[in-house]
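Presented sequentially are two complexes of subunit A, the first with subunit B as partner and the second with subunit C.
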Partner chain A sequence: MKPPGGSWGRTGRLARPFIGLLLVVVLGIVLSPRTARGSLIFLSPGNLTDILMQQGEIGIIALAMTLVIIAGGIDLSVGSVLAFGASLAGLLLVRWTPAVSGPAQVAATIAAVCAAGALLGAVNGVVITGLRLPPFVMTLASMIGVRGLTRWMTGNTNIDFGFDAAPSARFSDLLAQKPLILSVWAVLAVAAHLLLARTVLGRYLRAIGENERAAAFTGLPIKAARLFTYVACGGAAALAGLIHAARSHQGNPNDGVAYELDAIAAVVIGGTALAGGQGTILGTVTGTLVLGVLTNVLRLRMVDSNVELMVKAVIIIIAVWLQRRGRSPASP
Partner chain B sequence: MKIPARLVLALLAGALAGCKPSPTPQPAAGSPAPKLVVFSQCNNAEPYRAAQNAEMARLWAAHPDVQLTIMDAQQDSAKQIGQIETAIRMAPSLLIVAPNERAPLSDVMGKALQAGIPVICLERDIAQPNYTTWIRADNEAIGQLVGQFVVDHLTKKYGQPSGKVVELAGLKGVEAEINRKAGAHEVWKDYPKIEVVTEAVANWLQSTAKDRMTEILSAVPQIDVVYARNDPMAMGAYLAAREQGREQEMIFVGIDGLSGDAGGIEKVRQGILAATFVYPLCVDQAVAIGDRLMRDPSFKPDKVYTMTSRLVTKDSLPR
Partner chain C sequence: MRLDGRPVTWSGSDEARGAGIAIILQELDLFANLSVAENIAIGNPDLESGRWVSFAALARAAAPHLEAAGLAVDPAISLGSLSVSQWQLVAIARVLALDARVIFMDEPTSALTEDAVERLFSVISRLRSRGVAIAYVSHKMSEIFRISDRITVMRDGEMVGTARTGATSIDRVIRDMVGRPVEARRPDPPRAAAGETLRVEGLSTRKLRRVSFSLARGEVLGIAGLVASGRSELGRALFGLSPVLAGAMLLGGRPHRPAGVRDAMKAGLALVPEDRRQDGLFMRMGVRENTTLACLRSFATAGWVDREAEAGAAERELAHSRTKFAHAELPVDALSGGNQQKVLIAKWLLTKPRVCFLDDPTRGIDVGAKDDIYRLIATLAAEGVSVIWVSSELPELIANSGRILVLHEGAAQGILPSASAIQEDIMRLATGRKGAP
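Up next, the complex of A and B:
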């Protein structure tokens, strides 16, 4: 175990993402414009739940990304898999005319897209564990390859959803609902938290990320555990793709670019070590919210959207720097 | 060196608090609360869109009680949806949207309407009529104007409407490309001696158009007219022809007619383009209608306003 050094101690280190969140929330309150009746727009329930809804896609991906990173890996392909999921949903809902009812087609689409995403994740996992390719290289390759696959299968055109009674419209109405997006994210967050904190698999993932060699000597099922994280990540990215398609009312093969970076940023801000071994789901959710609140605050202040990116960059640097301060003094 | 974490956090808070909003006209002290106008622009990085933004800022600046905010969606529909969702929370007096795509923006513009915000759809349309009014430009009418201009030019050149035309197309499947082409072809179908020798797709881009035109020049010995579906592609074609010393052989016709150094009007002035057809920014009408919508609750605008184009040739420009 690494010593809980630094001036903050273990509790302090765990609390750090929350301090960040508290900080951006306070900023939101201070900087929020007011409605005509004088109340703060930032604190209105509608605005706060908008933030959650808008962060839902990144939030869901970041949960699985946390598992991948804790086990010592990385998944750069999630943005492409998100576009793949959204486009496959478009194909299945718009181009496919099965002899089943609309709701059945919607259900089949959701199941098929999640399964296909998990399958793409499995390919990542199998190559990484079987051929011992570095996760960075393999998922970089699949980030490129899956984007190509997605463009190829759609002819690189957006598949617009219909309106009214079309199955694609039903799908969009269902999955773009704010309460549904929030519930899916919340349920998955609780599940991921329990998995990491309360199960044997969770302990394995930490041990593997902390010290793979030691884990191997102990006889832990390294390959299976790692494979699981990539399958989860692929499935989560495809699920996020379903929500993305519903919210944007189309399957777009070119969407999701740089989403992997947002997801990784959320994980890192949440205190998970990129080197593996350490991290919490609570931290990741907090990190996701930090990014979401920040974007919201800047938009409410009508700050140029390019400034959003610069501010995000500063936040990431500070978050990681704070983490390092909390580690052993000997770490670089 | 040890830097206290709390100090960094405090500095960050200060820096964030100092983030200035986009430059907007601020009302004088003591005047009533400004009317917030949000313009959701699909992509600042296109010259046509930049011209829209500039015109929007210029025209609203004449209304001191209006605070204009332009949000740039950077060609990302998901981002534009998020920005409009946040804009709705600010309860603006007017929302103007230049939608990035038809289907994705329909729902969120409907949400704005439901929230009681007047919504102006600018230039492009959306899949559902979720707007108070749509101010559009008519690409097909522009295509017809181009078609007629080419007929007149060839008649003047050869004494009868006959000649060889090369077309440079924008992104296939896009409304502007489909209708700018259709309009011209509608006119030409009555003139069988006007022959379209080839059409190349150059995706609206000057550099791509130059490459395609270079290939065409080596394959086609005689060209009378290049009809490019926008000015940058016409410019690209001109550059290719010039490299081979053939730029006098043909005329170059484009669409958009933006002002400014890089715009099509300047290219006409320089004699590079024989003509350009102004694709209306639609902004003046949006500001006029939007202003009435905010101030006169009884005002019911038309559902659609169609802006007309204008032919720009060297003769039509002030000397």
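Up next, the complex of A and C:
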């Protein structure tokens, strides 16, 4: 009557993603260049918080992606929705002259972009649950479709945010702040963790992802729960799009390509099973940090960005292999 | 391990198979998406040679083994369309095709109907006369004593003892299995209390034909029938999982037309499904989480789970069903089959149902756990819950039901009071041979 996971036990299973994080941090310390005064650049507070900020967009998306994957789905459209959010923000801030202006326009933009992202997520969710399309297929279609929509509505041009007193510049100054990005990410991470660990909905999501048939026999609201995950994922991707626009000072309809893969990689490195049912937010945050630290280390060493991709691939494989070790083979 | 007196070690199941050892697992290791013939050929070096597959040749090769196992289906149809009982027969045919010298059978009859069991026994005796050694794992005493030469009892991973079948007795074996003498094998058969809870009139679905019966408060109704007789379908219809084509159901005097599972649950029904791993439990979730999932909302305020209330309720219900587990957070996968079944039953009893449908709850579990389930059924009835339960084993059905409804090909063949029911009569009705008393 040993729990699967063998000698690792429950704490061991929870700790596994951290081993990966520990490894890349050690790698960072070893490989870090030094300042003129001999201290490690990698460990400087500025560098460490930079890592967090650079991972903020992927981190926020990965939180919602964790919910989607735990409930047995996948969302490939988040990169396109991010670009859509960034571009829509640009349209609303730069090309739109509303009756209200100043802070009210910024606030309205933030609300409208998040709502639009959630709406796109709802379209994914409704088609997947209502028409029973495989999540992979539906979100692949919307990844393509939303990219087209975004380019079409911007005329495939970057929308520059300008400077000084323009509302777009104010928006950029506000949302590109390190503390703000980090606290939004932290608050959402805590919320997602509590949702999974403490609420009825969180339990339902895990149950549905683990065994959909049994969930149906138990009378669980499968469609509503799944729909929720896609709405959350669309909203999170649009929110990440707002941050992206603020940080890059523009709305670029061609940004965010392959972000869905980074987000999924973070979730998987964090120990969430792609087959659904199992996973933690803590793991996903750790997985996001592993990717972030790794990128940072390689960039501090001025490693070719193509080599960076190859190293990332190896890290993903090692991280997931580390987690699979000791797990009992698939149940009969 | 020694084979033919020589020590052997295997690094994988293919090596063991090459040495002439085959196994029929309790949880069937078959592929629902492949055809019957492909399932028989897969992993079989004789049938699987070469790169190209000829489906016609496969079907031809599979046919004699299917016939030997007593399964009359087209080898080309997909396995997914067959019943659990038929799956079991395919698993047997697959092992026959391997032409093994040693065969392990783990509870091969747990999903079989009585006529299929007979066929399996004749297959076994044919194999035995060809010199094949068979290790046969079963909880069913009658089977073991009928077909074995020697009996080995195992308990908690240890060998308790081995004896020649002629030199031991059922009571002795049961005593060894349980580790304590089992005095009262069964509680008193429950009595029907006054007042009708459920009435089913001319119920027809895709698989049921005009079934009628009435169920009183605190009554235990047993359902007898072969695997495809519609016995599971009855539970599905009551639970809103199978559309009702004609007829009516009355629950507490009010029409019962559930649009889905949640409707049925609200009306006070519970369904413990036959396939506990696929339809009942969430194997990697914890014992506590499995137990409370069907009524999690009742432990929550505004969607927020009160973990103490939840854990307390789970603990009480699990103690009530005598479920044994090391820790409530362990995944149910780590429990024995009997304890898994009890977790599943506890899950549904926690919803406080008025009518509880248990679909073959004693399938593939040990004697002690069966006893606990009989006791649970009796307790439920005493508390006023109406119980409908299905079993493939007639003696236990007779001993633990007030009346027995016999189904054959979706139609009710009769309702017998268990006090006067004898197995032969029930079998005759269940196999569609008329002329019962």
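The rule is short, and it goes like this: the second predicted complex is superposed on the first by the 322 of 332 C-alpha atoms of A that agree within 3 Å, B and C clash if a C-alpha of one lies under 4 Å from a C-alpha of the other, contacts with A are read in each partner's own complex, and residues count from 1 in each chain.
Here is the rule we go by: a residue touches a chain if its C-beta (ideal position, glycine included) is under 8 Å from a C-beta of that chain, and two chains touch if they have at least 3 such contacts.
Computed from a predicted model, the values in this text were never measured in an experiment.
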Room on subunit A for both subunit B and subunit C (clash or fit): fit
Touched partner set for A:71, first subunit B, second subunit C, both or neither: neither
Contacts of A:267 with subunit B and subunit C, given as first, second, both or neither: neither
Touching partner for A:82 - first (subunit B), second (subunit C), both, neither: neither
Subunit B versus subunit C, judged by how many residues of subunit A each one touches: B
First (subunit B), second (subunit C), both or neither touched by A:293: neither
Inter-centroid angle subunit B-subunit A-subunit C after superposition on A [Cα, multiple of 10°]: 140
Subunit B versus subunit C as contact partner of A:201, first or second or both or neither: second
Superposed arrangement (fit on chain A Cα atoms) - minimum subunit B/subunit C Cα distance in Å: 10
Residues of subunit A at both interfaces, subunit B in one complex, subunit C in the other: none
Contact footprint of subunit C on subunit A as seen in their complex: 1-4, 10, 198-201, 203-204, 206-207, 210-211, 213-221, 277-278, 331-332
Contact footprint of subunit A on subunit C as seen in their complex: 25, 27, 29, 241, 260-262, 264-265, 271, 273, 278-285, 289, 293-294, 296-297, 300, 303-305, 307, 325-326, 329-331, 333-335, 347
Subunit B residues touching subunit A - in the complex, by the definition given at the top: 5, 8-9, 12-13, 15-17, 19-22, 24, 33, 69, 71-74, 76-79, 81-83, 85-87, 89-91, 101-104, 106-107, 127-128, 173
Complex contact set, residues of subunit A against subunit B: 7-8, 19-20, 23, 26-27, 30-31, 33, 35-36, 41, 44, 46-47, 50, 53-54, 157-158, 160-161, 163, 172, 176, 244, 247-250, 252, 255, 295-307, 311, 314-315, 318, 321-322, 325
